[in-house]
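Next come two complexes built around chain A: one with chain B, the other with chain C.
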Partner chain A sequence: MSSLSATIQDVFNEPGCGKNANKSEAERKKGCTKQLQPGGAAGGCAFDGAKIALQPLTDVAHLVHGPIACEGNSWDNRGAASSGPSIWRTGFTTDINETDVVFGGEKRLYKAIKEIIEKYDPPAVFVYQTCVPAMTGDDINAVCKAASAKFGKPCIPVNSPGFVGPKNLGNKLAGEALLEHVIGTVEPEFTTPYDLNIIGEYNLSGELWQVKPLFDELGIRISACISGDGRYNEVASSHRARAAMMVCSKAMINVARKMEERYGIPFFEGSFYGIQDSSDSLREIARLLVERGAPPDLLERTEAVIAREEAKAWAAIEPFKKRLTGKKVLLITGGVKSWSVVAALQEAGMELVGTSVKKSTKEDKERIKELMGQDAHMIDDMAPREMYKMLKDAKADIMLSGGKSQFVALKAAMPWLDINQERSHAYMGYIGMVKLVEEIDKAIYNPMWEQLRKRAPWEKANSNWQAKAIAQAEAEAAVLAADPVAAEAARRAKKICFCKSVDLGTIEDAIKAHGLTDVAGVRQHTNASGGCGACAVRVEDVLAQTNAPANLLQAAE
Partner chain B sequence: MTQSAEHVLDHFELFRGPEYQQMLANKKKMFENPRDPAEVERVREWAKTPEYREKNFAREALTVNPAKACQPLGAVFVAVGFEGTMPFVHGSQGCVAYYRSHLSRHFKEPSSCVSSSMTEDAAVFGGLNNMIDGLANTYNMYKPKMIAVSTTCMAEVIGDDLNAFIKTSKEKGSVPAEYDVPFAHTPAFVGSHITGYDNALKGIIEHFWDGKAGTAPKLERQPNEKINFIGGFDGYTVGNLREIKRIFKMMGIDYTILGDNENVFDTPTDGEFRMYAGGTTLEDAANAIHAKATISMQQYCTEKTLPVIGNHGQEVVAFNHPVGVTGTDAFIMALSRITGKEIPEELALERGRLVDAIADSSAHIHGKKFAIYGDPDLCLGLASFLLELGAEPTHVLATNGSKQWAEKVQEVFDASPFGKNCHVYPGKDLWHMRSLLFTEPVDFLIGNTYGKYLERDTGTPLIRIGFPIFDRHHKHRYPVWGYQGGLNVLVTILDKIFDEIDRNTNVPAKSDYSFDIIR
Partner chain C sequence: MAKVITGKKACAVNPLKMSQPIGGAFAFLGLRGAMPLLHGSQGCTSFGLTLFVRHFKEAVPMQTTAMSEVATVLGGYENVEQAILNIHKRQKPEIIGICSTGVTETKGDDVDGYIKLIREKHPQLADYPLVYVSTPDFKDAFQDGWDKTVAKMVEVLVDKPTSTRRDPARVNVLPGCHLTPGDIEELRTIIEDFGLEPSFLPDLGGSLDGHIPDEFVPTTIGGIGLEEIATMGRAAWTIAIGAQMKRAAEAMQAKTSVPYRLFERLCGLLPNDEFMMFLSEISGRPVPAKYRRQRGQLADAMLDAHFHIGGRKLAVGAEPDLLFDVASMLQEMGAKLSVAVTTTQSPVLERMPCEEVLIGDLEDLENLAKERGCDLMMTHSHGRQAASRLNIPFYRIGFPMFDRLGAGHLMSIGYRGTRDLIFTLANLVIADREDNRQPTPDTWRDGWQDSLRETTGAPLEAAVVAPLH
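For the complex of A and B:
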C-alpha cells in the first residue's frame, strides 16, 4: 500500500494526459493542478472531489470520517440519479468531537463501520478521510483493513483529505481508491462480447438513462458505470469488460488508463453532449467492441441507429428555428462540455458570440474548449461591472454557463441557462439536445428578463446601476489614459497567463523589446502560456494589438 | 375498535373501524337504493367529457358551488373596520350567524355582529319594532360608538325603510338623537359580498359627510394634504393594511384608512376580550372629506363609493388588487404623483428584491398553466402577476364578475403574449370550473378553500389564495400587496410547485431518483 504523497505523485505523473506529457520534469513534479490562491474565492477541496466522484455509487454506504463540517455540508448535494438503492443518499459521518481529536478517532470510526454493517448491510462501506483526522493521524487504511477482515465486508478507504489539493485531484484520488481496493476484486457472473465500462459519468439528472435505451437496443451491456447509478459489484467486476468509454473529462483518466494497462481494456475519450458527439461516441464504442471480438454487424446496426436518432433530433429542433434564428448565445463555462452543444445551437439557427468560432469542426471544438475553460477563470477574477460590460458588448441574447456565473448573468439582466451539475434537466444524448434547445427557447422568452432590464418606473434615466457601471468603467479608462502611473499599475495588474502568473505589462514589454511575433517567442521570454497553454489565444490577441501600427489602433478606437 | 373512554378516537379513525364500516355498508345496501357501480363510474367519466361541459355551460337557472357570498357579509366586514362599531343586520338572525362564522373561520378571531332577529310576525307587519328594540338593546348591552345597519333579504323583500325606521327609533329613545347610525340596504339577491362592502361603506361616508341623515349640517370640504385609502373586501386585510401603512409611513404620507380592519381581525391573547379593536375613528371618517384624494385597491368593491367621494371634489383612483412588480409600481407611482412625495430608497430596494426573487425562480413558473377563481379584482391582480411571470392564466372565473370585468380581464390577456390562449368566465360557478379543468387541464388551480373539492376531483393541485381560507391558518397575516406581498404570493405559488415535484418523485426506488434536495 503506497503512502498518500506517493499516490498523489503518481496521479500527477499521468502519462495518459496530453498536457502532462508536454511538461518538463520539474513542472510535472509540481503537479498539474492550479494552486489555489489564498484569499481568493475558492472552489472545492480534494475531499469534495473524491466524494462527488464516488457518491453516485448507489448501493454502498459512504461514511465520512471527520467533524460534522464535511458531511454536514455535502450530504446528498448532487443530482445524480439512482435506479434503485437509496443508501448512497443517507448521510453517514463519524461526527468526531474534541475527545476524538485529542485521543484519536480510529475506534469511533471502527465502531461506525460496524454499526453501518449491522444496521444497513450494504455490499461495501466507503470511508472518506478528511483534514482533521488526517492531521491527528487516524489511519483509515488500517481501520478499513481491520474492519474488512473482522466483518467480512469490503471497507474501502478513500484517502483524500481536503488539504492535499483541489477538487480535481480528489476525483483522481477517488479513482485510485477504486483501482487499489475495488476493481478486479470480484469475478462477474457472466460476460458478453458487448460489455462496456463507462468511466467518469455521474448520471446527473438521470441523463445516462437518455442514452441507455440506445445501448440496450444495440445489445451493448454497460458492465459498470463509474460511478453514475453504479453498483459496488459491477465496479468490482468491471475488469472483465471489453472496452471503455471515458466520458469527456480528465477527472478519471487514471482509472481508464490503468485499467487498460492492467486488464487490457482499451478506452477512448468521448461525450454524449451534442448530436455529433453522441454519434461519434456510439461509433467508437462499436468499433472498439468489434475490435475486441464482438460480431461485426454491430457496426452496421450502430450506423442505422445513429442515422435514425440524428434525423429524429434534427426534426425535433426544426420547429424552434423560427423563434431562435439570429439569437446570440454567449458560452461561458468551466468544466462543462458546453462546446459539444455548439452544433445543436447552430442547427437551431443561433449564433455564437464571445468566441471566434463559427463552425464546429473537431479542431474548432478543441479551441472552444480552451476558450471556455480560460474564460471561466477570467470571470472568477472579473469585477461585476466589467462582466456586465462584456455581456453588453457581446450583445448576447442568452448566456450558457455553470451555476457560478448564474448570478452575474442575472444581475446583468441577461437570460441565462445552467448547464452544470445543479441543473434539473438532462441534456445528454440526442433527446438531451432537443431538451436543451427547448430550455433555451423557454429562457429567452421568459418575460422576467424584460422586467429585470426595466428600471423602476420612478428612476431617472442613466441613474440605474447598469448606466452607472458603464460610466464608471469609462471614467476609469479615462483616468488611466491621463495618468501614466496608474496605467502602468493597471497593465501590471492584469493577468494574462494564470498558471505562470504573467501580466499584460510584462508580455507587452517583451513583445516590444524583442520584436516578438508569435506565442512561442512570448513563452520563451516571459514563460507566459508555459503552463496549461490555454492562454495562448489571449497572448495572440496581445501580440496582434501590440504589433498593430499605431494609426490603425487609433482608427479602431 | 369501538369507542372507549381510555382511548378516545376521533372521526379520522373511529369510522374506519369494522363495525362502522359494516354499518355504513348495510345502510348503503338496504336504504340507499344503490346503483350499479359500473354505471356510476360511467357517469362519472362522462361528466369529464366535452359533451358534458357543453351541457354544463348551457345551464340557465341552477348555480352549483358558487364562488361568492352575499351583500351583508361585505357590509359587516367593512363596518367592523370603524372604531367601536357594531354591525347591526336588520333581518333574520340566521343570516347573521353565517357572517360571524364565515369571518371567524377565516380570521380565527371572534366576530361580533348583531341582528334585529326578525320573525314571522315581523315579516308580516314590518320590522320596525325589531329595529327599535334591537338598536336599544345593542346600544345598552355592547356600548358601541356607532351602530352600522345593513339588511338581509327578508327586510328588503317587505321593503323596510331603514332611514325612516332609524329616525323613528331615535324618536322613541332607542339611541340618542345625535348617535351615529349609518345604514345601507344590502339585499343578497343583488350582487355579492363586494356589492355589500360598497353599499355599506358608501352609507357610512354619506352619513358623516352629508349631514347624518338630515340631523346635522353637511360638511364643507376644506382640502388638505391627506389621502384616503380603501382596501375593499379582502381576506388578507390584516397583513395588507399593515403593509400599506408601512409604505405610507416610509413615504411620509398622511393618510386615513377607510375601514381599517387590521386590528379587529387580529386581537392579541392577553386576557382581555376586545369586542372592538382599532378601526377608523369616527372623527377621521368625517374628516376624510377634506382629503386630497381617495385610493381604492379594488375597483369592483367601490363602484358606488368612489363616485360619491369624487362628487365631493376629491380625486379618486381605483386599482384592481395589484399584485407583483408592475401592479405595485403603478400603485406606488400613483401615491407619489398624488402626494408629491419621493419614493424612498428602501422601497426601491424592496422592488429590486422582488425582481431578484422572480428572476431566481421564475423558470419554474414560466410556461405553467393556471386556473384562477375568486373575487373580480383579485382575479385581475393574480392574472396580471402570472402573465408577468410568463405563466398562462388559462381560465379566469368570477361568479360575481360582470361583463365589464370580463372585458377588462380580456384586455389584460391581450396585452401579453402569454394571454393568447386564456379565457375569462364571468358569472360562472365552480361546477363550470370543474368542466374546464377536465376538458382543458391546467397545471395549478388558484382559489379559496372550496377549491379542494376541485383539486380532489380533477387532480389539479390547489394553491390557496382568496377568501375564505378555512382549512389553512394565518394566511391573512401575510400581505399580498406591496413588493413584500408580491414576494409572499410568489412563494405561495412556488411552494406548491415544489411540493408537487416532490410528490411526483417520492416513491422509494421507483421515482425517487428525482427526489432531490436541491430544486
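For the complex of A and C:
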C-alpha cells in the first residue's frame, strides 16, 4: 500500500497526460497542484474532485469521514442519474466533533461503516478522507482493511483530503483508489467480444442514455462505466473488457492508461458531444473491438447506424439552421470540453466569438484553433466587464458557460445556457446535439429579452449600469487609442504568469534581449512559468509571436 | 415542555445540519461591499459558495485562504496575509469578514494574532475593517456561525456612543439567519410604517434580494454600510429576532446601553400582535390601518385553512429558531408536531410544542415520520428524497432550497407572510388529497384497524436512539 504522497507523485508522473509530458522533471514533481493563490482562488478541492468522480457509482455507500462541512454542505448536489439504486444519493458522514479531533475518529469511522452495512447493506462502502482527520492522523486505510475483514464487504479508502490540491487532482486520486482496491477484484460472470469500458463519463442528466441505445443496437455491451450509472461489481470486473473509451477529459487518464498497461485494454480518447465527434467515437469503438477479436461485420453495422443517425440529426437541425446561422456564441467553460462543443455549435451554423482555454491542454488548444481558424479569440481570464461588453456589442448573441458565470450574462439581459455539470438538460450523442440547438434557439428567440432591455420609464437614457459599463470600457479604450504610449504600456502589462506575476512586456524584453526560444529559457530569465507551469502554453504563444519573422524584421529595423 | 434528545449514531445519514463557517460567511453577505473569507482549504469555500449560488440564483462573493497541506501543518499566517493583501488590492471590498474552518482550528491558527501582525506590517491595512470569527466545522451548526458572527460585528464595528442622547426614531434590528431577504423587506416596511428608521444588521434584504446592481461589483452588491453600523449605538431600541440573536443583542447593550427586546417568533397571529404593540409603543403611533386589515386577513386565512391543517401530523426538520417559529404556528392551528428534528442546542427547544426534539439528521426525520404516519413534511431541499419515498406533501423551509426558484422571497413573518404560508400549506394538503388520497370502495373496509394504529405511536427513543452495535 503506497502512501498518499507517493500516490500523488505517481499521478503527477502520468505519462499519458500530454500536459505532464511537456514539463521538465522539476516541474512535474510540483505536479498539477497549481499553487493556489490565497484570496484569488476558485474551484473545488481534491476531496470534491474525488467525490465527483466516484459518486456516480450508484449502488455504493459513499461515507465521508470528516466534520459536517465536507458532506453536509455538499451532498446530493450533482446531476448524475441512476437507472436503479439510490443509495449513492444518500449522504453519509461521520460528522466528527471536538472529541474525535482530540482523541481520533477511527473508532467512530469503524462504527459508521458497521451502521451503514447493517442498515443499508450496499455491495461496498467508499470511505473518503478529509483534511481534519488527515491532520489528526486517522488511518482510513487501516480502518477500511479491518472493516472489510470483519464485515466481509469491500470498504474502499479514498485518500484525497481537500488540502492536497485542486479538484482535478482529486479526480485522479479517485482513479488510483479504483485501480488499487476495486478494478480486477471480481471476475465477470460472462464476457463477450463486444465488452467496452467507458471511463470519465458521469452520466450527468442521464446523457449516457442518449448514446446507450446505439450501443445496444450494435450489440456493444458497456461492461463498466466509470463512473456514471456504474455498479460496484461492474467496475470491479471491468478488467476483462476488450476496449475502453476515455470520454473527453484528462480527469481519469491514469485509469485508462494503467488498465491498458495491466490488462491490455486499448483505449482512445473520444467525445459524444457533437455529430461528427459521435460518429468518430462510434467508429473508433468498433475498430478497437474488431481489432480485439469482435466479428468484423461490426464495422459495417456501425457505419450503417452512423449514416442513419447523422441523417436524422441533420434533418432535425435543418429547420434551426436558418434561424441560427450567423448567430454568435461566447463560450466560456473550464476549457476541458471546449473543443467538443465548438464542433457541435458550428454544425448548427453558429459562429464562435470566443472560448476559454483556462484548463485546456495544449492539444485541446490546437484543436480549437484547427476548428475555429487562426482568428479564434481565446479567452483565458476574462473580466466580467469585458464579458459583458462583448455580449452587449452584439459580438455575441448568447453565452454558454458553467453556473458560476451565468449572472454576468443574465443580469445584462443576455441569453445564457448552462453547459456544465449542474445543467438540467442532456446534450450527448446525435439526439443531445439536436437538444442543445433547440435550447439555444429557445434562449435566443425568447421575446422576454426585448422587454428586459428596455429602461424603466423613469430612468434617464444611459443611466443604467449596462450603459455605464460600456461607457467606462469605451472611455478606457479611447484613452488608449489616443495615446499609443499608454496603449503599448497596457498591452505590455497583460499578466502572462499569474503565480510569479510576470507580464507580457517583461517576457518580450527577455526574449529579445537574450534571443530566447523556449519556455525553459524564459523561466530562467523572468521566472515566468516557474510556479504551477500552467502558463507554459501562453509563454509559448509569446515566444512564437515575438520570434515571428515580421517581428524580427521590425526589431532589426 | 419538550425533551431534547441527542442522536447516538456514529454515522449521520442525510445530514440536516450545515457547517458553522458558512453560517458566519452568510452573515457577512448582509454587509455592503463585503468579501467573506474562509480560512481553510479551497473546498471549504467552494462548497459553501455553490450552496449559496444555487439557493439564491445570484453571484455570491466568497474567498478562500487556499490552505495547502504544508501550509496547514506549518500554520496559515502567510496565507491569511496573502489573501487579505490580494483581496484588498483586487476586489477592494469595504470590509473583509474572516471565518476559520475545521482544518485551521485543528492546527490552532491564532488568526487574531495574525491580523495584528498583518496590520503592523502593512500600514495600508492598519485601520482596514477586518472582522474575524472563530467557527470550527466540528462544533455547532450554521445558525451558531451566524449568531457568533453578528455578535462579533457588533463588538468590532459599532462605535461606543459619545453622548447619551438617542434618536427615538432609530431602531436596530438583529435578524436571525432563518429570515429570508423577503422577510427582511417585509419587516422594513412594517417598521417604517410606524415612522421608525430601522438599521438591519446584517441586511440580506439589501444584498441578496436579486436586484440588478448599478455597477459591476465583485463584492456584495448591497446590505448595511459600515458607517450605518458604526452609529447603531444611537438608536433607541434594538429588536432581536430569534433566540439565536440574544448574544448579539446583549453585545449591543453592553457596548452602547441600547436596550433590546427579543422576539423569538414572528410567524403566527399572537407573536405579530405582540410585535405590532411594541412598535406602536416605542413609536407612539397607533397600529396603521393597513395592519389592522392584514390581521383580519390572517384570521380569515386561519379560519379557511384550519380544516386542512388541523390534525395534520407534522414532521419538521429545521434549525432551532425556524423550527420553533413555524412549528409553533402550525400547532396553534391544530396541527400535531409529531416529529421535530433540529441541528444544534438552543433554549427554545425545551419550549417546543411537542414531547421530544431530536438533534439529528434527515434519516431520523424520515424514519420517525414513517413510523408515526406523518402526513406533511417540512425541511430544506434535501428532504425531497425522504418525502417522495414516503409519498407525503413536502414544503421546503430554511436553507438550502436549491431545487425550486424564489427561495429569497419566501415569507413566513408578519400577518401577511403568515397568511400566505398558511394558504400555501393548506393548498399542498388539498392537492395531495386530490392526487393521492381519493376514497375507493375499499378505503374504510379495514377502517377500525387504521384508526387503532393512529392512536398509538411508538416512543421516540426506541426508534432512533437505540445504539447500534
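In this text, the second predicted complex is superposed on the first by the 440 of 557 C-alpha atoms of A that agree within 3 Å, B and C clash if a C-alpha of one lies under 4 Å from a C-alpha of the other, contacts with A are read in each partner's own complex, and residues count from 1 in each chain.
Here, contacts are C-beta pairs under 8 Å (C-beta built on N, C-alpha and C of every residue); 3 or more make two chains touch, one makes a residue touch a chain.
These numbers come from a predicted model, not from an experiment.
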| item | value |
| --- | --- |
| Clash or fit (per the criteria above) of chain B with chain C on chain A | clash |
| Touching partner for A:86 - first (chain B), second (chain C), both, neither | both |
| Touching partner for A:458 - first (chain B), second (chain C), both, neither | first |
| Which of chain B and chain C A:77 touches, first, second, both or neither | both |
| More chain A residues in contact - chain B or chain C | C |
| Contacts of A:316 with chain B and chain C, given as first, second, both or neither | neither |
| Partner chain(s) touched by A:115 [first = chain B, second = chain C, both, neither] | second |
| Contacts of A:97 with chain B and chain C, given as first, second, both or neither | second |
| Touched partner set for A:490, first chain B, second chain C, both or neither | neither |
| Steric overlap of chain B with chain C in the superposed model, located at which of 153-161, 171-179, 189-197 or 261-269 | 261-269 |
| Intersection of the chain A residues that touch chain B with those that touch chain C | 76-77, 86, 422 |
| In the complex, chain B residues that touch chain A | 325-326, 329, 332-333, 336, 343, 348, 351-352, 355-356, 358-360, 362-363, 366-367, 387-390, 416-418, 508-509, 512-514, 516-519 |
| Touch list for chain C against partner chain A, complex | 9-15, 17-19, 21-22, 37, 40-44, 46-48, 50-51, 53-54, 58-59, 63-69, 71-73, 78-80, 82-87, 90, 101-103, 106-107, 136-139, 141, 212-216, 218, 382, 385, 402, 468-469 |
| Parts of chain A lying in touch with chain C, wherever the complex brings them together | 33, 35-48, 63, 66-77, 86, 89-98, 100-101, 108-109, 111-116, 118-119, 131-132, 134-136, 161-166, 384-385, 388, 403-404, 407-408, 411, 422, 464-465, 468-469 |
| Chain A residues touching chain B - in the complex, by the definition given at the top | 76-77, 79, 81-86, 205-206, 410, 422, 424, 442-443, 445-448, 451-452, 456-459 |
